[in-house]
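Here the chain labels run A, B, C and D in written order, and each chain numbers its own residues starting at 1.
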Amino acid sequence: MQLHDFSSVVLQYKVVCFDAYGVLKNHKGIIPGVQNTIHFLQQHNIDFYILTNDASRSPQQLADGYQQRGIPEITANKMISSGMMAWEFLRDKVDHGTVAYLGTSRSAHYVEDAGLKTVSIRDLDIDHADSINALVLLDDEGFNWETDLNKAVNLLRARNIPVIVANSDYTYPTSRNQVAIAVGGLADMLEKLVGKTFIRFGKPDSQMFTFAYNHIRQEQEIRKRDILMVGDTLRTDILGGNKFGIDTVLVLTGNTLSLKAQQMIERTGIIPDYICQSVVI
Amino acid sequence: MQLHDFSSVVLQYKVVCFDAYGVLKNHKGIIPGVQNTIHFLQQHNIDFYILTNDASRSPQQLADGYQQRGIPEITANKMISSGMMAWEFLRDKVDHGTVAYLGTSRSAHYVEDAGLKTVSIRDLDIDHADSINALVLLDDEGFNWETDLNKAVNLLRARNIPVIVANSDYTYPTSRNQVAIAVGGLADMLEKLVGKTFIRFGKPDSQMFTFAYNHIRQEQEIRKRDILMVGDTLRTDILGGNKFGIDTVLVLTGNTLSLKAQQMIERTGIIPDYICQSVVI
Amino acid sequence: MQLHDFSSVVLQYKVVCFDAYGVLKNHKGIIPGVQNTIHFLQQHNIDFYILTNDASRSPQQLADGYQQRGIPEITANKMISSGMMAWEFLRDKVDHGTVAYLGTSRSAHYVEDAGLKTVSIRDLDIDHADSINALVLLDDEGFNWETDLNKAVNLLRARNIPVIVANSDYTYPTSRNQVAIAVGGLADMLEKLVGKTFIRFGKPDSQMFTFAYNHIRQEQEIRKRDILMVGDTLRTDILGGNKFGIDTVLVLTGNTLSLKAQQMIERTGIIPDYICQSVVI
Amino acid sequence: MQLHDFSSVVLQYKVVCFDAYGVLKNHKGIIPGVQNTIHFLQQHNIDFYILTNDASRSPQQLADGYQQRGIPEITANKMISSGMMAWEFLRDKVDHGTVAYLGTSRSAHYVEDAGLKTVSIRDLDIDHADSINALVLLDDEGFNWETDLNKAVNLLRARNIPVIVANSDYTYPTSRNQVAIAVGGLADMLEKLVGKTFIRFGKPDSQMFTFAYNHIRQEQEIRKRDILMVGDTLRTDILGGNKFGIDTVLVLTGNTLSLKAQQMIERTGIIPDYICQSVVI
């Protein structure tokens, strides 16, 4: 397995898209040295964006997290989240009524911003659910898993409504060795139990890459070959970037451990263009 | 869809195996008329057993439930549960150490009866899990879904141990229109998240039918053609009975609604030998 | 199930995207009356495109089929095929070497147009496959299923290369009651057997809708709410259109039979905005 | 990864069940030294059986293959095949009419021995299929994959009949580095395409282990702890043996390569009691 130096790779591109968790951040906070990488990009006129499967916070709140930790360059307009994809869908396809959601009240931001009324599954009276026109899975927190997952199953048996999964990750790291089940993992279980087809947003789906591409092209003329995707997860970041037709870097600071990277690439057939230890320069 | 009268069907057999939930019981208790059916069987010297995907109670406790509701003929030796299959596995293949479990402390009976120490996932210290030699999924109650399902995922990342699913049902009815997620549904999610192969007991797996068959043959000479399986669920009762080579009756008092029975049989290709409205005679 | 008149629906939009098979064509050829529908659209200044999961022919060859059957208005620039998505991927991500393919030599057009050398799996010597840099599944015809599917499995065991599925349909109709397995069905089997993740193009993937959208916007200013997707298949046309945020019409002239449409919508949870008997006006 | 000597392991048991392919045989024929192992077992009064996912030949024909290659001790009554399970099912549950099959005419033996008429899918007229009461998948040879798999799909769309898979293996080795798709792999594709639930026989299903156990107990009193299963495949031999409650040995002469054995055990969570290089003593 050949490791490349991130600085030599990144200098070949005009725009870099970073995954957030496992690339810029980990369970302890910002990965040391990331600030330096951002400065390096700016010095070399390389633009950057953050593509994150996160629907738990608004773009502004996501950016605030970086700014409060010493990286003022990461502003809300640099953030492209799977929650924004869900917001577009709700705006375009669910034009009235109330949307039920699984997640924190903070995550309901995306639904309310689309002009829709919201009700947490926690507060839903399943016997009076006739006005519910969609169910959105936003976050793994903010509800009681036992009572509210059961309530979601019964809602979907009673009402034939679209179900939107705003984050298709299965798990996320909570410490060096441990993970937690993400809302995408809960979504898979619910989908199988009710036998319906949910609508998933977030990497590897190309819709998020397309959104980023169109966003970037409003600022500058760019070709796909000038964009680099940097991620820690083969199944989302690398598969999604490859499929969209841009070059990809796997970093070893998150989900894919150094010792298992080569083995996982061979097993899955998901092949990054480069492997770097981290984005630290 | 041709409906048969249960009494005319059952008179062709020497032994009847009933599923419990949706056949003899529902969310309100014993289905009215079931007591009469049991008497009918006794009058005609037809033996009976109850094959249930239930690991939440011991056979004695399961039988007590019927006896307290007016059917003294249903004794512990009539009960054949998926929990008993799990108990056999633990006895034969996990001969020392501690077994972690998801379920109520009552359901841990099966593990303790196999001579093993138990610890509820609820009480497990994940950082001191070296003595855990198996994980058993017994019941959907008795633990906190959010904290304890996450703990189970991390246990299976840290320890390569067998995982036993003692009830492979996905859901169970809680009222006329509503269901709850069963431990088999949670098991499917965990299995996918950790990427390992769990060991499942309970219908449709033939191990439970074989256990019943051997059990019955200790009492009387019997051929498979003399045994009838009666159930409300195509995927478990009917598929399992068919595969084991015995005749099957679908009843419409549980999971399979009258209006959808024909459609579900055509869609799944799981074909009962008979359809009866109920076991009531 | 409420049926709408196609003409009254289509007048609300500026652009219509049609699926081909089951909507404009069937096993007998062009569906009678489709020519009239095309004229109706032109009279009302409604633009149209054809979005087809077809990689067996070039856009020009696809258009020729309509022109020879009396619809000269369907020209190559109206055709948007999953093969064009595969072509983009190959151009951007597989920049040298030889691409092996399953399909007719005609279908290899998409690969050769991307500037790559091709070899049919039929002609591949599996012991000299070191120069093969990708495998593309284009069509279910043009090879021997037994020998060449086995050869594909062994190629993917020997070489860790990207696999591109240029048509994700499972089956296609060959007569009023019969279907044939499409290359997307074969792809699913190969993917499971080798345990790798293939890259799929074609509806319901949003990449094809995005391509169409960008294509349309080169000709005119348009919003998503002005585009209508018309298809006969819930899993591809309707799911893909819904997810992309445009309105959808299910027609009953193809995969989804009148008698089963309502039942399939309820079972899958894939809900079209309208149902029309056909596109005939 | 600790390797055990096969002779020291086997001496702890009274009966050994061998998988055939990858354990006793490989693509070149009988593995050198296997004859010696059989003699060793006989000297120590250890009985043996062969449990094979093979429905392409009768038990007698399977045994003939060993006898002609110099192991006269392997007689027909030592062979327990998945084809025998299919035969039992057909005898018990499909009592009249004609059974269509995918496989060689030789493999149709199991169906004909159950007293049923057979027709190869190859010879079936799909428009006159009203008398077909079951479809059995026996072997990957003896039919044209393209025309006859398509015919099987259309048969299952026209007739709601049970489908029996008499060999659930996905692939089998054809040379040191290459494999071929087995009928179990084709079965998975057909099952997904038609959306029905097939009935699978063969390891890891416990029905085959139960059959062996009952067969052995007709000859001698035996407990499960006295039986050892020896196989080269985690997913079938080891999972099946573990679940049935008997001890298991993984050998490295077939599907599971030495270099990857530990990694595959960790990844799948299917844990053999012992690992031996081979059965050669």
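The criterion applied here is as follows: contacts are C-beta pairs under 8 Å (C-beta built on N, C-alpha and C of every residue); 3 or more make two chains touch, one makes a residue touch a chain.
All values derive from a computational prediction rather than experimental measurement.
Counted by C-beta pairs in contact, the busier of C-D and A-C is A-C. Centres computed as Cα averages put subunit B at a distance of 44 Å from subunit C. In this assembly, the C-alpha centroid of subunit A lies 28 Å from the C-alpha centroid of subunit C. Centroid to centroid, with C-alpha atoms defining each point, subunit C and subunit D lie 39 Å apart.
Those residues of subunit A in touch with two or more other chains do not exist in this structure. Taken as a graph of touching chains, this assembly forms a single closed ring in which every chain touches exactly two others.
Against subunit C, in their complex, subunit D makes its touches with residues 126, 140, 144-146, 149-150, 153-154, 157-158, 170-171, 177-181, 185-186, 188-189, 192-193. On subunit C, the positions that touch subunit A within their shared complex are 88-89, 91-93, 156, 160-163, 194-199, 205-207, 210, 224-225, 235, 239, 242-246, 265-271.
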